[in-house]
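These notes open a run of structures that come right after.
Paired with subunit B in one complex and with subunit C in the other, subunit A is shared by the two complexes that follow.
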Partner chain A sequence: MLAKYVARRFLASLVVVLGVTLITLVLMDRTRGTYVPGIDLNPALRPEDIARLRADLGLDRPFYIWYITWIWGVVHGDFGRSMIDGSTVMSHILDRLPNTLELTGTAILIGVLLAIPLGIVGALRRGSKADHTMTVVSVAGFAVPQFWMGLILILIFSVTLEQHGLPWLPSSGAFSAVNGGDIIDRIEHLVLPATVLSFFYISTWSRFIRSSMLEVLSQDYIRTARAKGMSDRRVVYLHGLRNALIPLITLVGLELPGLVSGGLVVEVVFGWPGIGKLAFERALQYDYTTVMGVTFFATLLVIAGNLIADLLYGVFDPRIRYA
Partner chain B sequence: MIGQSRVAELEMPGAAVEGVSSRPAQSYWNESWERIRANRVGLAAGILILVFALIAIAAPLFSALLTHFLPQTIDLDVTFHPPGKPNWLGTDELGRDTLTRLIWGGRVTLGVAFLTVAISLTVGSYVGMLAGYYGKWVDDILMRLVDTVLAIPAIFLFILMSILFRPNPITLAIIIASVGWGGVARLVRGEVLSVKERDFILATRSIGARDFRLMLRHLLPNVLPVLIVSASLGVGQIILIEAALDFLGLGIQPPTPSWGNMLTNAESYFFHSFWLVIWPGIAIFATVLASNIFGNAIRDAFDPRLKS
Partner chain C sequence: MTQPLLEVQDLRTVFTTKDGIVKAVDGVSFELLPGETLGIVGESGCGKSVTALSIMRLQRPGKILGGKVMFKGQDLTRVSEYEMREVRGKEIAMIFQDPMTSLNPVFRVGWQVAEPNRIHQGWDAKKAMTSAVSMLQRVGIPSAASRARDYPHQFSGGMRQRAMIAMGLTTTPQVLIADEPTTALDVTIQAQILDLLRTVNKDFGTATILITHNLGVVAGMCERVIVMYAGKIVEAGPTKDVFANPKHPYTWSLLKSIPRLDEDRHEPLKPIEGLPPSLVDLPSGCAFHPRCSFKVERCSRDVPALLRVGETQLAACWVTQAGTELKGA
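Take a look at the complex of A and B:
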């Protein structure tokens, strides 16, 4: 049953992946009639040289042929080469991926670790000062533009602290170019971007945990557990929390694509050398093999994230059946 | 005739259980409106958005009567003037008045946001209604299309399209709406699926109403609450997206001010002129916050069961 369900979902996903890559390509294709990447760097090229270059890059073929060739390559694990620097798209992605995973992974981890206790406190002390404060903060968390929060944090923790001769946090990059790269250095660089990124997760997830905790705690089996004389602590953490966490699984699963694209703006603000920044820079340079590669990769993550969330849901809640 | 009198009997007020029908009957819309009015914070948020919108519309008036500057007026003698007189919120690197630019920027930012919502809702509800109403292969094709649109990491799509179209406010709205309609379509389809099974739809169809009339006059009004909620929550989200695109240099292009591109500009100078980064950020924050609060208030008003 489950295998059949996964198989069907997989087939539907295949259609989506083809659709996404095709849309991306058509969009990029609109620009290639007049443009060969890097051509503006060398005005001395003769028209026949340009034609030869275009042929080398496959730009003289209609986009559907290009697309079929590209898909054929992807099926064989070959994402092609960057149109700017000629190195493989895969090597670009693998080069940037660890940085992105470091940033978003940390942010998601902090998000989960803080959101769960905050949500529980909000539900248990409903209407208290702490609860109200958290409501206000999380409502603010939805409304604050991430790049603006990043700029403000840089203003406070990098610029102002440095001006006053206090210890300050680096505002750009994943590690120092000079004498850097050790673990302390990396953590220092991680603090500000991870704070910005996790702030959003905390405000979203803590609200969810709070409301799902409230819902669970009002159910009959909780009253039964209390009536049996079970301690409050046991009721809340053993019976309540277990069920209240189920929606969180979906939410975190849905953030999986955010691993690649969600941090794009934060990566740009903090000069973080991640996948999102790669896609952004390369799109500006019309390097569409790289953009196609990253988009393909990110789309896979969206689909995988949805699927994993749905499957985990069933693991934690046996009432759910897959048809 | 017999059937009619039976119905009349059932609906006689006297037949109701005593004490239950003491309250005069109110329409759904009236009740919702009462609930919105009772929600002070929600109402205040709604008014704030209205005020911002009015200020944006009246921007030329404010320029002429209040600030006495135009958004593009360059005055190199007063660059990086801190907040004070006559530039209440300070000036930027070209001596342009920040308050004036903020007001004119709001015109662009809010305009794009409202236009985007309008496009998303129109396209999304049309697609959602077709898919939900006709079902079968129409539903399959349209919903796979929606899946595809929603599976593209949105920010990548925005970047690609912005590079392609070099946006002005209208194309920018179209670009953002090209993803936004997907969510609306899903929402509307779900509603239509449940509404179309109700008896009054069968009744309408049995007296010979055409599909189009049925959708427009009978399905749409029932989907409207969902649409209004999604619109008011949508404005905030779209302002955030638009500001991010502006910030990345892919949205509204200078010298036209928008809250987002004012921040891009500010990024280069904010270590000595902090106000450049403070004001547009606060404007974005306040608007998005108000839109979220107002959206939630409307949602609670339309469907009190959802209230958390």
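Take a look at the complex of A and C:
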């Protein structure tokens, strides 16, 4: 029954993948004008060279023909080559994906690990100074743009600290180009972007846990648990938290695609060589194949994230059955 | 005379609201004898549930302002939170009105029934589960061993209340407080649950406090009854005496308001006129006087104390304390 459910969800998601990739292509195609990817790399190109290039890339034909050709390739496992540098799209994605997973995985992990205890404290001490402080900080967390916060952190922890001769943190990249790449070096590079990204997650999720916990703690079964004579800790962390965490699954599940794309702004600000930055740069250059490849994988991840969240729901909430 | 098991003396519990201080329990005193079933009746908001929760010290966000709850030589309003936990669920168990929402939806029923023994006796999961299954069987859950692995949503309302009762009884407590245990159930199931409570009372010798607004339930279950109005006890005594010959106009009106099957169908219902008072702003004197058809001038001035009226009953009423009989339409 479960296998059938998963299969049906995957079939339905095919339509989503087709729709998203098609819209992405139409948007690029309608805004490209007469630009041909790569022409600005070589100023000596003559008009007939440009025409040949356009024909080689398949841009002289209507977009739907291009799309069908692309889909045909994808079905056969071929995502094509980048229109800019000629290397395969797959090699680009595989090259960048580990960096993105490193950044967003860390941010989500820190987010969950900090949001849960902060949310519980907020619920248990509702109206206290700690709770009010967290409310203010959280609102800042949703409201402050990530690029701005990133720049401020760079200004403080990279620029100012270095100017005063203090230990400072690198502001760009995933590792040092010279003598870098060991674990300490990578962690140093990870600190600032992961802080910006996880700050947002902590803000959102801790508020969510707080309200979810408040609701659960007012339920009758919590009173029953207290009447059974258990400690407050057991009441809150076993009987309460087990129920309060169920809705968080959806939120975190919806962030799973963020593993690929969610850090786009942060990746750009911190020059982090990840998938989001790749898609951003290549979209500006109308590198159809690369953008389409990244879009395809990001869409699959959104779908998988939703599906995983739904399946986890069934694990954590015995009332849910799949049909 | 037998030594009371539980003695509540002048208990006062208040809630602070933005409209003012609500005196939910205002000087309530009673005792519970070993093995008896004591009924507490009254309409919604009269303080009967808060009285029960205060005994367990689960009245939050309310505050116990004064009084004593004497149990086994100690005052439960004063013992430490840790000692109180040793009483809850072990010496005094409580079951609640709505079995739909009173069981935790994410844990298996058997696990929840086994939990009190794991907490209080330190039993391992297996031993506690074995005893939980046999307890589920005793309260009438068919094929208890397999049903114990079900989640609450797989149980019917009546079965959940049976499971709640089993959960209360696994530690063989001396007192069981049942707060409206049948209110959320349909009538045939109500009868089954009341039967079960009666059996439990007989077989385990558990003294029971039965809180209800249903006078029929009290008549069938309780040796003694307490009638509460606006946070105070207005009448107390043996059930049959209170029902046959009420000594407080509130009890009298309550009994009058029950429609009778042997009456003419066209006879209009006889409700108690007026509304229950706001607990923030109680009437002066006797809280019932604005609705009382027997009131005298003194009733709006002085608060009557709960005193002996007649052979066996206590009543807080100036009229009956002066020797007047309650009669008329």
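To be clear about the criterion, the second predicted complex is superposed on the first by the 310 of 323 C-alpha atoms of A that agree within 3 Å, B and C clash if a C-alpha of one lies under 4 Å from a C-alpha of the other, contacts with A are read in each partner's own complex, and residues count from 1 in each chain.
Convention: a contact is a pair of C-beta atoms (placed from the backbone, for glycine too) under 8 Å apart; a residue touches a chain by one contact, two chains touch by 3 or more.
Every value quoted in this text rests on a predicted model; they were computed, and no experiment measured them.
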Discussion item. Is A:Tyr313 touching anything from subunit B or subunit C once the two structures are fitted on A? First, second, both or neither.
Written reply: neither
Discussion item. Per the contact definition in the header, classify A:Asn243: touching subunit B only (first), subunit C only (second), both, or neither.
Written reply: second
Worksheet item: Is A:Gln219 in contact with subunit B, with subunit C, with both, or with neither (first, second, both, neither)?
Response: second
Worksheet item: For A:Val302, is the partner it touches subunit B (first), subunit C (second), both, or none of the two (neither)?
Response: first
Worksheet item: When the two structures are overlaid on chain A, which partner does A:Phe208 contact: first (subunit B), second (subunit C), both, or neither?
Response: neither
Item to complete: Identify the partner contact of A:Trp168: answer first if only subunit B is touched, second if only subunit C is, both if each is, neither if none is.
Response: neither
Worksheet item: Looking at the overlay, does A:Lys228 come into contact with subunit B only (first), subunit C only (second), both, or neither?
Response: second
Fill in: Broader residue contact with subunit A after superposition on the shared chain, subunit B or subunit C
B
Worksheet item: Can you list the residues of subunit A that touch subunit B in one structure and subunit C in the other?
Response: none
Fill in: Of all residues in subunit C, those that touch subunit A in their complex
56, 58, 85-90, 93-94, 96, 98, 101-107, 115-116, 119-120, 151, 153, 164, 167
Worksheet item: Contact residues on subunit A for subunit C in the complex?
Response: 219-221, 223-231, 234, 239, 242-243, 246, 316-319
Item to complete: Enumerate the contact residues on subunit B facing subunit A in the complex.
Response: 144-145, 147-148, 151-157, 159-161, 163-164, 236, 240, 243-244, 247-248, 263, 266-267, 270-271, 274, 277, 280-281, 284-285, 288-289, 292-293, 308
Worksheet entry | subunit A residues touching subunit B - in the complex, by the definition given at the top | 12, 15-17, 19-20, 23-24, 27-28, 30-31, 139-140, 142-148, 151-152, 155, 159, 211, 214, 257, 260-261, 264-265, 268, 276, 279-280, 283-284, 286, 291, 294-295, 298-299, 302-303
